[in-house]
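What follows is a set of structures for review.
Two complexes, one shared chain (chain A), two partners (chain B, chain C).
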Partner chain A sequence: MTLAAVGLGVAVAVGALTGLAAVVVPVRGRSTVVGIGTAVTGVAGLVAGVAALGGQTFTLVLPGVLPLAGVRFTLDPLGGLFLAVTAGVAVAAGTYGISYARHGLDARPVQAVFPLFVVAMLLVPAADSVGTFLLCWELMALASLLLVLAEHRRRPEVASAGRWYAVMTHLGLIAILIGLLVLTAHATNDSFAALRNAAPHMPSGVRDVVFVLTLAGFASKAGIVPLHAWLPRAHPEAPSHVSALMSAAMVNLGVYGVARVGFDLLGGGPRWWWLLVLALGALSAVYGILQAVINTDLKRLLGYSTTENLGLVFLGVGAAGLFASSGQHVLAAVALAAALLHVVGHAAFKTLLFLAAGSVLHATGTRDLDALGGLRAGMPVTTGLFGLGALAASALPPGTAFVSEWLLLQALIHGLPASGAATAIVMPVTVAAVALTAGLAVATFVKAFGVGFLAKPRSTAAARAHESPVSMLAGMGLAGCACVAVALAPAVALPSIGHAAQAALGDGAPGVSGAVTLRLTGIVGSLSPVLLAGSLLAAALVVAALLRAVAVRRERRAARLWDCGAGPLSARMEYTATSFAEPLQRVFDNVVQPETDVDVTHHEESRYLVAAVAYRHRVPDRIERRLYQPILTAVAVWGQAGRRLATGSVHRYLGYGFYTLLGLLIVLAVTR
Partner chain B sequence: MSALGVVGGIVQPLLIVAGSPLLVGLMRQVRAKLEGRAGPGVGQPWRDLRKLLRKEPLAPRGTSEVFRSAPLVLVATTLVVAVVVPFVTTASAVDPVADLFAVVALLALGTVALALAGLDTGTAFGGMGASREMTIIALVEPTLLVAIFALSVRVGSTNLAAIVSSTLHDPGRVISPVSLLAAVALIVVIVAETGRLPVDNPSTHLELTMVHEAMILEYAGPDLALVELASAMRLSVFLGLLANLFLPWGIATAVTPAALLIGAVAVVGKVAVLGVALASAEVFLAKLRLFRVPELLAGSFLLSLLAVAASFFLA
Partner chain C sequence: MLGLWRKIRRTGRVAEPAPDRPVGPRPEGAAVLGGSVQVRHVDAGSCNGCEVEIGSAFGPVYDAERYGARLVASPRHADALLVTGPVTRNMAEPLRRTYDTVPHPKLVVAVGDCARNCGMFAGAYGVAGAVSDVVPVDVEIAGCPPRPEAIVEGLRKLTGR
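Moving on, here comes the complex of A and B:
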């Protein structure tokens, strides 16, 4: 029995028991039991994941659990990384849920499903056969669907979000199912080892079909454009600790799927596979952040930012595949390590941001940035933590995303001179996409933090905001510590991530080394996040000391803000989130195509007098409108047409049955 | 950490802090002369700073620590850049930080601190300035990174010391199309980043046109002194970076008093020439409308993309 096996076993057992306990325990202590149980599940999972990253492994075969194929579990470094990330998010979300779930989320079904969702997510990266993988994947999808629907009685939008999610996640499942079954048909059994052996001998057309189908399924789970439509609906409508689990942990499993199938099971592929992944990633990154910068709903903004970050991860994975397919294993290892480091960093800051958004929702009852503001007075700790998360998300030093994006850019820069014309065109455009994403991400998070938390409150609810209970702060604090750790000491995590990248790529290039300074091995490049943060701090101290020595020493006197002499400024004169993003929206007018309606109602007596002006402004998701609306319309038309066949007459239905059988028999008689 | 790097790390920040207000004074003086005015003299920015430092610090009602610490962050980021970038010596005091991406991101961090301070005041001006500044930053970033990409591809590194040394050893690269295209793109970007004409007018206080000035409208006394000093330092740092990325000659490669003196004089001279050129150009330029600025930046982005393409096809 290895530590990895024990950890995973304990995690599954505690999770399942917590689910049971949620049904039994009375409502008063329920959220506490579930929260602690989920956090313990997470800790055990974290131990298992870290042990697997350290090289421990185990294989568990339970032939009797599923008919025909049985259940197989194993852990390798790649699975261990995703297991550890998921478990880490679960610790923070579980702790946070102790108090958060007390407010209308402590019904039995929701509380019982929450730990089961965590368990299902922990088992996905440990699955070692197609049957097991699909089973865990579907359990995860169903559990998350039930959790998204938790508040459907209170808000009608939840039901619509749930429908979108249910349909898209199952279409994704079907794509993955077909892909993996085609792969299994060429192997002796459905275990991953058998697939690995069979993959090199498969015809290339079949390999292409497998990759494209699984890519579609996994990309839709990761919220990659154009299959992202469910994400900005479902993530905001779920309870916030569930949003954190979905946005920081569940979407990562899409990346895991692509890495597992593309690199491990199929053993890499032709260049166009990875160009496709890279293009999807770049498109998602730019489109996601563009929608995020314009959105004024705090949680929807974070949802779009998830699409952006997963886009960057896909971009890294695509670049790694591209380099591997042209034989540059060092660069492939660096690019994949950058992508996986971004997965870890994104999990940390997105957990923090969603939990903080949940605290805001809890304290003010709104997610609309235009109605928030001034929260720093009422909720200073949450404000500080959200600020930390915003810094981490905006790729500025000394933030979390800065290190992974730096690594990614290093891989892209060194990729240019190394290979042919396709790379020469792709790499600069990719760098430009990453750069545009970075720039817009800064604007997005300045908006979210500056408009949402600073300035004056824009509504009475925001003015009355109060700090969250201790357990919610503790949950956010854990995520905040993870952000700081990844930002300052990525070198601690990078060797393990390097192992995971090696496990995926299947060769021995370590990529990145160094404790304080990250040094890329094989290519020139070094950066020290700790020294950077340290020199920044030292410079600030020097400046402060000099200022004390040089400037006049007096207490700060309170003064009026400049109001043009027109009396005190009111909150209505402030810039809102909408007005903050207006210039950017105008710049990208052709891409986002906002809709503006102005309805002027005139007085009855005279056309020259205006009674009322109604102004409506909306920024629809353009891809959704162009791509999904026609499909939905076509399905609706088809359904309407089908209704003519179903009139309600029993005789008619019997007739259908009879003639179908007859037709079938005739076909059989003719063909046999 | 070499001796050369340590000496550079001490000399450079002193030079930048002392010299940058003089650069601003010089540029104002050149402008005044070209416009037929007498001008206040080169030392005026220093006299302004001295006056501001003696004034009473204010805390506008309704602002928080974010507002009060932003000038400090702004100066600190610029100071770190002044220490690590090879201006006077080729070696850097903190080499693992002297990465072109890190330097650009550090300067952006200063801007972000100021934008948050603008939002923190809760006034219309503060929000307006922050919104406009972030719009410009979001559009400048791609150009800047692609131009960096073009410069670092030929060296195979984004380390500034490596880029500068490589140009020193191979002077022929400076007149290559890659360098020229990247230089033009970088000049446009630097004009936008430092808030000069035609993107922003540093001497305007008209609400329709302010960008940088709108964000810092609430600052007074020592806080304003820090912000003004930091703006001047940013301008010097960007011009020095531009000078040394393309024309690094004169930079000290050894720790001898003569070499250091030549290095310091060379960088001062280069920055002064660039500053005078910028100031003279500004006399003939009008400020662009805010919504015409993206077109300018898109143009420079195209140039930087061409630079990368050229760096591949001419290699």
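Moving on, here comes the complex of A and C:
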């Protein structure tokens, strides 16, 4: 029995028991029991994941559990990484949920499903056969759907978000199901080992179909444009600790799926596969962050930011595949390590940000940035932690996302001399897309933090905000520590991540090395996050000390804030989230296409007198409107046409049955 | 192009010589400024006659900037206030706040008869008083409106150039 096996076993057992306990325990202690149980599940899963990353493997075959195929689990470094990330998020979300779930979320179903959702997510990267994988995947989707719908009685928007999520996640499941079944049809059984053996002997057309179908399914789970429509709906409407789990852990499994099927099971593929992944990633990164920067709903903004970050991860995976297909294994390893490190970093800061957004929602009852502000006074710890998360998300040193985006850019820039015209065109465009994304991400998080937490409160709810209970702060604190750890010491995790990347690429190329200073092997490039952060801190201290030294000599006088002498500045004079994003919206006017309506009502007696002016401004999701609206309209028309068949006449229905049977018999008679 | 250069060389300097340095005592505190005075203009209720003349004083003909006085956009950047008009009730408090905002050492120049003694608006119901009733005044410039030369002369008392 290895540590990985024990850890995963304990995690599943504790998770299942917690789910049971939630049904039995009375409502007073329920959220405490579930929160602690989920956190323990997470800790056990974290142990298993880290052990698997360190090289421990185990395989568990339970032939009797599922009919026909049985259940197979195994852990390898790639699965271990995703297991560890999911488990880490579960620790923070579980701790946070102890107090958070007391406010209207402590009903039996929600509390029982929460640990099961975590268990399902832990099992997905451990699954080792198509049947097991699909079972865990569907369990995860259903559990998350139930959790998204937790507050459907209080808010009608939740039901609509749930419908979108249910339909899209199941369409994704169908795509993955068909893809994997086509793959299984060419193998002896449905275990991943058999698929790995069969893949090289398959016709290339079939391999293409498998990859494209699974890519569509996994991309929809990861919220990749144009399959992202559910993400900015479902993530904001779910309870915040569930949002954190979905946005920081569940979407990652889409990346896991692409890496598992593309690199591991199919063993790499032609260049266009990876160009497709790379293009989807770049499009998602830019489009996601553009929507995030103009959004004023705090949680929706974070949802779009998830699309952006997963886009960057897909971009890294696509680049890795591209390099691997042209034989540059060093670059491929660096690009995949960058993508996987970004998964880890994104999980850390997105957990923190969603939990902090949950605290804000809990304290003020609103997610609208235009109605927030001034939370620094009422909730200083949450403000500090959100600030940390915002810095981590904005790809600036010493932020968490900085190291992974630096690695990604290194891989892309050094990929320029790679062979082929496609690479020569794609790489510079991709570098530009990453750079634009990083810049817009800074603007997004400056807006979210500055408008949401600083300045003066813009509503009475924001003015009355109060700090969250200890367990919520502890959950956010854990995520914050993870952010700092990934930002300052990525070298601790990078060798094992590089190990996972090598294992996935099936190739012995070393990627990134070094303890304090990261060195890229094979290409010129080094970075030391600790020294960078240290020098920034030292510079800040020197400036502060000099200021202090200079200020001592001068007389100090407290004067009121200069307000043009007109009286105190009011909250109405502040920048709002809308006004902060307005210049950017104007720059990207052609892309986002905002809609503005101005209705002027004139006085009855004179056209020169204005009675009222109504101003409406909204920024619709353009891809959604162009792509989804026609499909929805067509489906509605088809449904209307279908209703003509069902008139309510029993004779007609009997007739349908009779003629169908007759038709089938004729077909059988003719074909036999 | 060469023709233009030749023209410039041949024309030489056409500006009139600078007028003599103003006589009279320099206001207390002006010497610390070392000949460079940043000025914030405050309209405390003027009819805009003085504003036109101030604009002219800082224009290319009279060019007060060559003596070291410069208009700035915020009292936080200023050494001196250039106040015009009788101080109206609405502007009394903003003027006081503006004066408080200017860092030490600070000077106040009252421009025009209205600023000195309310001029033709003396006793009007909306007038709170002359500038010296609200903030301490260091230099007064007479005239309704004062000529640009007078304004430049008043500012030169501050800069000492």
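Note that the second predicted complex is superposed on the first by the 665 of 672 C-alpha atoms of A that agree within 3 Å, B and C clash if a C-alpha of one lies under 4 Å from a C-alpha of the other, contacts with A are read in each partner's own complex, and residues count from 1 in each chain.
Methods note: a residue touches a chain if its C-beta (ideal position, glycine included) is under 8 Å from a C-beta of that chain, and two chains touch if they have at least 3 such contacts.
In this text the structure is predicted, and so the values were computed from the model without any measurement.
More residues of chain A are touched by B (comparison of chain B with chain C). Once the two complexes are laid over each other on the shared chain, residue contacts for A:396 go to chain B alone; chain C is not touched. Residue contacts after overlaying the shared chain place A:583 against chain B, while chain C stays out of touching range. Touch criterion met: A:560 reaches chain B and chain C at once. Touch criterion not met for A:259: it reaches neither chain B nor chain C.
Once the two complexes are overlaid on the shared chain, A:194 sits clear of chain B and of chain C alike. In the three-chain superposition model, chain A touches both chain B and chain C at residues 557, 559-560, 562.
Those residues of chain A that touch chain C in the complex are listed here as 557, 559-560, 562, 564-566. Every residue of chain A that touches chain B in the complex is listed here, in rising order: 293, 373-374, 376-377, 394-397, 402, 406, 409-410, 412-414, 416-417, 424-425, 427-429, 431-432, 434-436, 438-440, 442-443, 446-447, 449-451, 454-456, 516-518, 523-528, 531-532, 535-536, 539-540, 542-544, 547, 550-552, 554-563, 569, 571, 573-575, 579-584, 586-587. Residues 74-76, 93-95, 97-98, 100-101, 103-104 of chain C are the ones that touch chain A when the two sit in their complex. In the complex of the two chains, the chain B residues touching chain A come out as 53-64, 66, 68, 72-73, 75-77, 79-80, 83-84, 94-97, 99, 101-102, 105-106, 108-109, 112, 115-116, 119-128, 130-132, 134-135, 137-146, 149, 152-153, 156-159, 162, 217-218, 220-222, 225-226, 290-291, 294, 301, 305, 308-309, 311-313, 315.
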